[in-house]
């Protein structure tokens, strides 16, 4: 089976035309890049060997090659789909190509993330390859996570998969995505991800990313949540990157739909990051929480955004941005936006940017810890975001990733 | 004495050229207007009579025609300077023209607000007339406020004074500005105000505005605060307006300089308001506080912004945005920005948008108040911003204005 | 004659039951203690009697002076002579303690004699210009609430934990305020009160006629306040209500 | 032999004097009460003894076991055998109580026997997985601080207001924790402690040898704890220190 596929051969000509028109359209936020310099990647030699040689790196981003406690696996090396399989009857894990062949995604494709949103969605549509489609069938509660992994190895190339997560009514699915780059390679990752959470369904989507200082990252994510549906997106970036900009757009369309969006960002060296998220509260009783924890070191610069737009009554939204500066040459900006278009809302925001608190350091030293130990405990604590409803196995994975990142600070 | 004067006859040709180039440059925020429709105003008949006939309105915005407990008075009707006088030896209250003649402002003119900042500063430079210059001489602590008043009466005209407040070293000056419009008139108010707070000086600048639903307001304010200087700007808008956009820029250049910037906005009918402020913490020990209280009714729409940019160590900044929605068809957005470029900072932000809190209403009813009384007490309380360092007389004036506005809600 | 009678009262907050079949009555001139651990329903009962709309009565009735007040608004109950001092009153920015005192007095329709004298006596002078409960210490919050009761002079005072978070000097001050409020040292008839206490420290001051013990949303027993307090101190609430003598 | 000796200690916080010429000493096996109104300097003294860097010693010395510890870091003082339970410990998000217990035990270099048993006995089980002091009630905060002292087993325990904000059931539990911590019911030598109390409620439990009264940043008098507490309850702090018998 030849897994190299091009999304565009299966999509209508309309997408291509739109994409071509948008190739020079800059994104709203983040550093503007010249996307023409990035090429489709060269084929990889011995992909499996490459994967197995990167076992440590993979573990760090939550990928278990033995697939223990995983309900399905998808991995992709540059443009090659390495694996797309499910071990659960209620769960489909397909490559995008296969999903088109099965006719299961035509109603969903580019419905949440427009192909001409900006130059990155355009380049994804024109040069991008493959991607996963994870579908939890109606009423199926998939216990273990589906693991997905994107591995970039070919220099100066673009990796732009188109991914979809569809949770049918009453279903539950956990997806953990690890993205990583071979240390030596320069490139652009510009994946598109569309998430559909149907009535009473629950999706958790955990991303642990390990880029390198030469990578540019521009994921484009859109999600729609129906009545009583619940979506949790937890984004963790622990390594330097050349530039990163992401801002998922989430539409809570059904009554009492909920979303929790959190980001833990450790930004080192000369990383330039712009991380946000916008939630539209479009039905009564919907609620959103956007949490970010940013740590900067060296000369890194991070902007955190968050936007909650309340369009319906009885809605709630909370944004929390905490920034911890561990070097005087780094920069943090927080730009939260609350917008109410209805009176019966509760929108709140809290932000704090600064260094470690002296009274907390003193308190811990008064219990016998050295200053250094106290600081390390506080940094680790700062990065912990409580995410209600995340399965134990994912919480553990995240804790592990955070601890390993904190020990390098 | 003919008081009609044109700022530009006294300024260099360079300003005019720059302004002409900027006539189509939109402002960063707020509704974009076609400024060409606004004309220089027609001369007013019997200005003093007009003023005296508006005694009630004037009182509302803090103007006392008897000049009791005032150290100086400046008032301007459309383009005519009605009065510019000081009753204190240490205080100069001059018309802009006079100030140019005396040679006291050439080092300050358009140094903080560029003439080509946007089309409103451009139109102010080209069509605007007059303005006040208030100078507190070195070491002089002027006890009573200087009152200044801008009165617009000529329809379809632009009123664009250029004002300056200069507090020399160790001096103290309080300026209260009332702006108001004859109910029937449509117009654009686009004044430029530049404030210089020298070492150990203190300036409080209180604006109480009473526009009408046909007025467009685009004030442009810049301030510079030197070592140990203190600036308090308190802005109160209590009546509907067609559109309003203001965002003072304040530069804290000297060590331990402080600024407090607060806005109390009652927005009714179809008012469109965009109110903000940016503070640059450019020296060690500087601190800024930006507070806003916004109440919306009817179909009003308000955006509150606040921006603190910490460029030096040992700096502190706090932004607080509270929005109270009294109608379901109004809209409030809060967009605070915190930016740290140094690690030793304490930047915080809090925001809350919503309706009156049920537990507070219940508490007051449990003390015997009716729901309506309880709501009114809470609305009045919501509008009260504690401003440390404001003289009693101004606090009283503000309280009075707020109470009179609250009683109409 | 019963001044207040709570009959078979069950109450929900946001669909969750917080009180179950509560019965309790208090006569004119009586003072009762309401004891029980955290979450046992003491404050819920006070909130329901004063008429907090969050507390939905799903069963039972409340009678005050033989009138069914179960459906009345809080301000109506206040006008009939009930007032409450809250355990944790809300912090209200922009409204000073003084303003609220004035409002409460003006609503009661009669002046208040010797206001300044009482303010000094109660030690609330320094709170007058401060925003209501904002930055108040535990003790200050209690004093402010009690002072407002004092201004109101209710027939029935509902006093929720006047002694929690209060230091030793202030306990006795608060005790004295309570005695004055309830007219315990005067010649006229004593005022009625329901006093919630966790710690029991305030019990000495109010000469309670009975103590009720609440557990898990209902009244478990009642009896002699001193004996019940002693038992609770010795054995804890769970054990205390197992005692056979005071079953409800 | 004096275990701790505070000599002529003057301390500033942000340039403001908070302690003035304080003298105090405590022998091995002794327990002393530190009494005084809010802001009298009790907590400042505790913070200075444990080594809070915000509290700058501008005059005087602190000796522990005859060693000058005035300039030592907090962790050094801890390693020598001093530990403190704070009145209001900071709330630290992301660090659980359990994690801190583990860290404290691991730093002490020896294991801790029967940890689970003690956890149950002290009633801190439900706090283990919660973020340190975040959302803890007054009583829970005190219990957590005392438990950490317990794990540490210091030669000198500094205990700041273990009884403030604590309800009646927990006062006795905290009293029992303190007795165990200080080995008051054991056969071996009792442990030393300085206990700050506002309310005096905890005084019954710790069998204090002396009480010190602080006012306006300095120690005004000391003497028999029972008599001093009684005087304070009756007359207040200001009057109490006027008493001739116990002048420092």
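Going by the order they are written in, the chains are A, B, C and D; count residues from 1 in each one.
Heads up, the rule we're going with is that a contact is a pair of C-beta atoms (placed from the backbone, for glycine too) under 8 Å apart; a residue touches a chain by one contact, two chains touch by 3 or more.
Values in this document were obtained by computation on a predicted structure and should not be read as measured data.
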Steps needed, at minimum, to go from chain A to chain B via contacts: 1
Chain labels contacting chain A and also chain D: none
Chain at maximum distance from chain A, centres defined as averaged CA atoms: C
Whole-Å gap separating chain B and chain D, where each centre is the average of the chain's CA atoms: 53
Centroid spacing, where centroids are CA-atom means, of chain B and chain C in whole angstrom: 48
CA centroid of chain C to CA centroid of chain D, Å: 34
Contacts with two or more other chains, residues of chain A listed in rising order: none
Touching two or more other chains - residue numbers and ranges from chain D: none
Touch-based graph of the chains, sorted into line, ring, star, complete or other: ring
Those chain pairs that satisfy the touch definition: A-B, A-D, B-C, C-D
Interfacial residue positions of chain C with respect to chain B in the complex: 50-54, 73-75, 78-79, 83-84, 86, 89-90, 92-95, 99-100, 103-104, 107-108, 131, 148, 152
Contact set on chain B toward chain A in their complex: 313, 323, 325-328, 330-355
Touch list for chain D against partner chain C, complex: 37-38, 137-138, 164-165, 167-169, 171-172, 198-201, 232-233, 236-237
In the complex, chain A residues that touch chain D: 357-360, 362-371, 373, 377-378, 380-384
